[in-house]
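Data block below; observations after.
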Amino acid sequence: MKQHYEVVVIGGGIIGCSIAYYLAKEKVDVALFEKGQIGLMTTSAAAGMLGAHSESNGEDTIFSFARSSQQAYLRLKDELYQLSGIDIGYKEGGILKLVFSDTDKHQLTPLLKQPTAEWLDKEEVKKREPLIAPNILGAAYIKDDVSVIPDQTCESFAKSARALGASIMESNGVYQVEKKDGNYLVRTMHGDVEANYVVFATGVYGNGLFRQIGLDEELIPIKGESLIVHSEQHVLEYTLFHESCYIVPRNNGKLVIGATMIKKDWSDTVSLEGIKFLIEKAKAMIPSAIEWKIDHVQAGLRPGTFDGNPFIGRHPEEERILIACGHYRNGILLAPATGEMIRDFVVGKDINNGWMQTFRVDRRQSIVV
Amino acid sequence: MKQHYEVVVIGGGIIGCSIAYYLAKEKVDVALFEKGQIGLMTTSAAAGMLGAHSESNGEDTIFSFARSSQQAYLRLKDELYQLSGIDIGYKEGGILKLVFSDTDKHQLTPLLKQPTAEWLDKEEVKKREPLIAPNILGAAYIKDDVSVIPDQTCESFAKSARALGASIMESNGVYQVEKKDGNYLVRTMHGDVEANYVVFATGVYGNGLFRQIGLDEELIPIKGESLIVHSEQHVLEYTLFHESCYIVPRNNGKLVIGATMIKKDWSDTVSLEGIKFLIEKAKAMIPSAIEWKIDHVQAGLRPGTFDGNPFIGRHPEEERILIACGHYRNGILLAPATGEMIRDFVVGKDINNGWMQTFRVDRRQSIVV
Amino acid sequence: MKQHYEVVVIGGGIIGCSIAYYLAKEKVDVALFEKGQIGLMTTSAAAGMLGAHSESNGEDTIFSFARSSQQAYLRLKDELYQLSGIDIGYKEGGILKLVFSDTDKHQLTPLLKQPTAEWLDKEEVKKREPLIAPNILGAAYIKDDVSVIPDQTCESFAKSARALGASIMESNGVYQVEKKDGNYLVRTMHGDVEANYVVFATGVYGNGLFRQIGLDEELIPIKGESLIVHSEQHVLEYTLFHESCYIVPRNNGKLVIGATMIKKDWSDTVSLEGIKFLIEKAKAMIPSAIEWKIDHVQAGLRPGTFDGNPFIGRHPEEERILIACGHYRNGILLAPATGEMIRDFVVGKDINNGWMQTFRVDRRQSIVV
Amino acid sequence: MKQHYEVVVIGGGIIGCSIAYYLAKEKVDVALFEKGQIGLMTTSAAAGMLGAHSESNGEDTIFSFARSSQQAYLRLKDELYQLSGIDIGYKEGGILKLVFSDTDKHQLTPLLKQPTAEWLDKEEVKKREPLIAPNILGAAYIKDDVSVIPDQTCESFAKSARALGASIMESNGVYQVEKKDGNYLVRTMHGDVEANYVVFATGVYGNGLFRQIGLDEELIPIKGESLIVHSEQHVLEYTLFHESCYIVPRNNGKLVIGATMIKKDWSDTVSLEGIKFLIEKAKAMIPSAIEWKIDHVQAGLRPGTFDGNPFIGRHPEEERILIACGHYRNGILLAPATGEMIRDFVVGKDINNGWMQTFRVDRRQSIVV
């Protein structure tokens, strides 16, 4: 371990690993510290939908940011494979946002104005997904909302960053960050290092460090449980989505049914209540889902923020402390754009002003005023 | 592997292992052949209730057999520990057969005439199990219906049998049994052996062999799925039982919620339907069960017979071919008594006539006539 | 389940699934019966090397067969993905057959005459794989010996076959095959079906059925244990091979270290001896392998034959009983060519005469004569 | 969660859980905060030897402390079972400290002066453990050094503490402790609570908090890897011990082979190097161990201190901050005595002065002076 790095990234989930990757691509001397293993916490429990349209009505700032990130994956999938030897499991097909009621339909109105979304009537949905529930009324189809396999994608970012010169340190948590001689002293379990920049990519686990560096914001855990299942048959072509639940077919033959949303639960265990809820939701979309076989269950803590948008930007008082936290349930989707944005802060490139304003760390104060 | 044994036992589930144990205790030269690993199929998916009263109204022949077997465990738990170093997880406490309706109550009438069963009113049940559903009306309490941990019990039988001189051979299936010079030729994956007696303890997996030896009976798989869960708290003192579902607290801190009953399904996968059913049943007994955390799921194939009773006895035409199959969901409970009964056939001791008649292999023919 | 199929395939490993796939492509009415789950036994424990050159000196009949099969995968990877939604994990890069001694080098002489093999000297090997052991002398590089992920490939064959109309039945073993009215009666756990053709693709588990149909040959289990490991770094670009051991980097970031060869062991457990041996072999190729982290261990039973070549062809006396067994450690590699060859027997296409003679089931008799 | 507790314990490993138990027994109002799950880190990776003599030559202070703790388990095993329904897996038999050389023998000299230790010659060792390596020279036998199953023991302490009124909170880490109005303010992920006493039972994970409260001492991780294996036979009656490695037979039929000692490694992964080392050590004690089958691997971080003794006592400047950390590889053994000692600090009972002096937190300063 060197004694000085230009940038230290704290946190080895997909956000931190993407940041390390984009910085290493620019030949920035970057080190990432992860207290456990790369991608093992929130990242590994994600479904991996790149749902730019699923999580947005297509009109807000986050949509342009999400679209930019979604498109970055088109290049990344080959780029990362070359550098890391790991396939990110990019699965084409797209998503069907299902409509079972007038309310469902109404909520899709803004989305259906987007050129990337297409309305499919009942017959068309049944033709594409013959196992769909018979009370289906139609669906919005978004071809671009594909999916990846989160843990492989995260590991691929980490190994690619390493291949480009980044230092990626696992089992080495940071417990304190303090100012020292115009730089930052980063205290890790294996010793102290100095850095010109420190990036916090801690997910929900960074609240303690946030307080140390004088940030008022707090990340709120929103636990998500999901089921990994399989079927003897090839049952789904598309990701299905309804009322914040989904079924994602992966290119390894597994299906992911997710996800609950339990506020302020810091555990990563899976309750019988959550399992029952997910089975009922899957059955409502695909009645024969009830016959699918369970492989395992998983849970992760999404990092929520007060307004649902991530914090990406500078510490209000420390220009070279950068925050990249609070991606809620869009961490996989937003990792590339976040990595690019943090890189731009560090290397001094122009950044989209709308994104800067929407994601700035001290926006709550601005709102109050 | 020797070329001749006095007795060959086919099948290394708990029935086969108990038989090998009781024979070895009598210094009979016995070899057991198991195609996979000891206790890994149906046995390991059992809950381990020694429910002599749970599975019977207390008036039939099977009840006296079950009681005899249940009591044998009182001695076995120490005996097996001494020989094998394995604790069978004998858990005292007993069972509550819950009453939520007049029908439930009515069904318990014969059981409550037994001196071993005691009626507990609503208040008493609540006092003993404070988390019970509020609509409880009462329960039959049977102190003697304790539980063991099935895989440990089975392994303990096998290692104890070995310690007493039995040959226990894993990963060595038998594919054919034929007559030879007044004895039996047993053809195994590792070669042929001869035996004076052959005991079939194959569970549901023996139908192919049954046909080879000219037995008309067929074992019917009745798949049972169950959940292994845990709670942060000490939630249950007693096994709870209602409408063929149960929650068994084990002495390793886990709880078993079981079990579905799916006829003619030969798979050992666990479906979402089964899981949902079990969660709903557990919740109906203990509303807060919904908060319990899942550890894993399991399934096993219970071997059913045409009348619900096991086949224990001689082949109708081959005096030294013995059958010990079809214990349905009572394999763990009935293993000791079955082991003793088969031993008695081999060594020529007297056997309870009622048991002989009830469990004889060709009883269907008798019934027809 | 219908009462009649044109072809019944027994066994749902990769050989059986490939056969079902190629038959279904020709619109043959085919049903596959698997006693457990698709691809869960020998197939899932394979490393997935498509080592046409690794397993051959490039001069024998099996080489042309293996090359044909290897090349089929180039088309299959997209074809299967389209039909099944499953990626087979096709990983380019190729293999390095390592040379640490003159003996090693000498053994590669015939292989290096092949146009597909290339000699790399010490420096070149070190350049391509910087972590290689310093006592390396060189390597034969075969670019075409790529790898796939066996369980995903097998499942992809099965689901693709299904999509083309095949019936794939899991948890339904066949216990007897007999002649009936010029056809075959196939007796399964779920009932009897008739077929014009029966294909035995049972791997090592078919010896019992072999005897039933009067085949003298016996498949010999050669157990292979392997380790699935990972490293924090991107450590290998190529599959490494030395003295029948190998390290295969997979495109999901895992490495497979294999494999032991234990004759006549029917168990699928992994012994401490096997693990120790594999760690020592890996260390001899890559000294820093000692730092890799273990994920899990696995074992499978390769089906060996008397001369090392598979049996692919007709039963000597039953023209419409076809055998496709005994692929030893090349099941994944040879699955496509075997599927095509069995298809050709059924639909009456021409078959390469060298392959027919080399793989015919009664070749041992011919040899003796 | 209440706003005030008399005592807050930080850390839900076996030390913290024992402390909560002993305090709850005295009706002290105690809350324990664990950031993850009870007993899941270092505790669950322990072998569970109660090796009072194994870890000591029988002459130092720690020996009397360890013996006291060992004897407490004799009572605890029933007491905890009554309260929690969990069996701690107390396994009698004792330990053999093996002698393969004169050096080995020499090192045992002080131990063999203890009345609890007995010398067994070569023949006697072979008689008791027939599988022992033939080059054995003898062994010290200590009957009292029995073993328990660590995770079950820890969970049993936690549930028993709960049953006696303690609040045990999982998934709720403490990130800061500060003084407030003569009491302590404990800041947890779920909010702040006040306490009259705070006990640090954090194992190696508490270094960050140590600094916050002004403690100079640092806990050093010494990672231990181990293997959980099984054998078809009943292979061992006694725990075997040689050169800091051991084989522990558990009463659930498993054997634990441990353990490596890797300094300053914060990861909990298991390396190929560690596995190889352990297999070689097991083989040196029991040559046929090489045939045992692996179940799984595990690793945990033992908390080391500068002098090898734990810190048990008062913060040098804060009388009501108590430390119970640094139990190295004796956490399971020392948990009861540590719980009793911390209880005595809180309730004001007399404490053995030798223990107080040996374990005091600021002893390094005294030494220096």
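Each chain carries a letter (A, B, C and D) given by its place in the written order, and its residues are counted from 1.
Just so it is clear, contacts are C-beta pairs under 8 Å (C-beta built on N, C-alpha and C of every residue); 3 or more make two chains touch, one makes a residue touch a chain.
All values derive from a computational prediction rather than experimental measurement.
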item: Chain whose mean Cα position lies farthest from chain D; value: C
item: Chain pair showing more contacts of the two, A-C and B-C; value: A-C
item: Geometric centre distance via CA averages, chain C-chain B, whole Å; value: 39
item: Inter-chain centre distance, chain C versus chain D - centres from mean C-alpha coordinates, in Å; value: 48
item: For chain A, residues that touch 2 or more chains besides their own; value: 170, 269
item: Contacting residues of chain D [partner chain B, same complex]; value: 38, 81, 83-87, 89, 91, 93, 152, 155-156, 159-160, 162-163, 168, 170, 232-234, 236-237, 249, 251-253
item: Touching residues on chain B, where the partner in the complex is chain A; value: 227, 229, 269-273, 275-276, 279-280, 282-283, 289-294, 297
item: Residues of chain B touching chain C in the complex; value: 35, 37, 170-173, 175-176, 189-190, 207-208, 211, 264-269
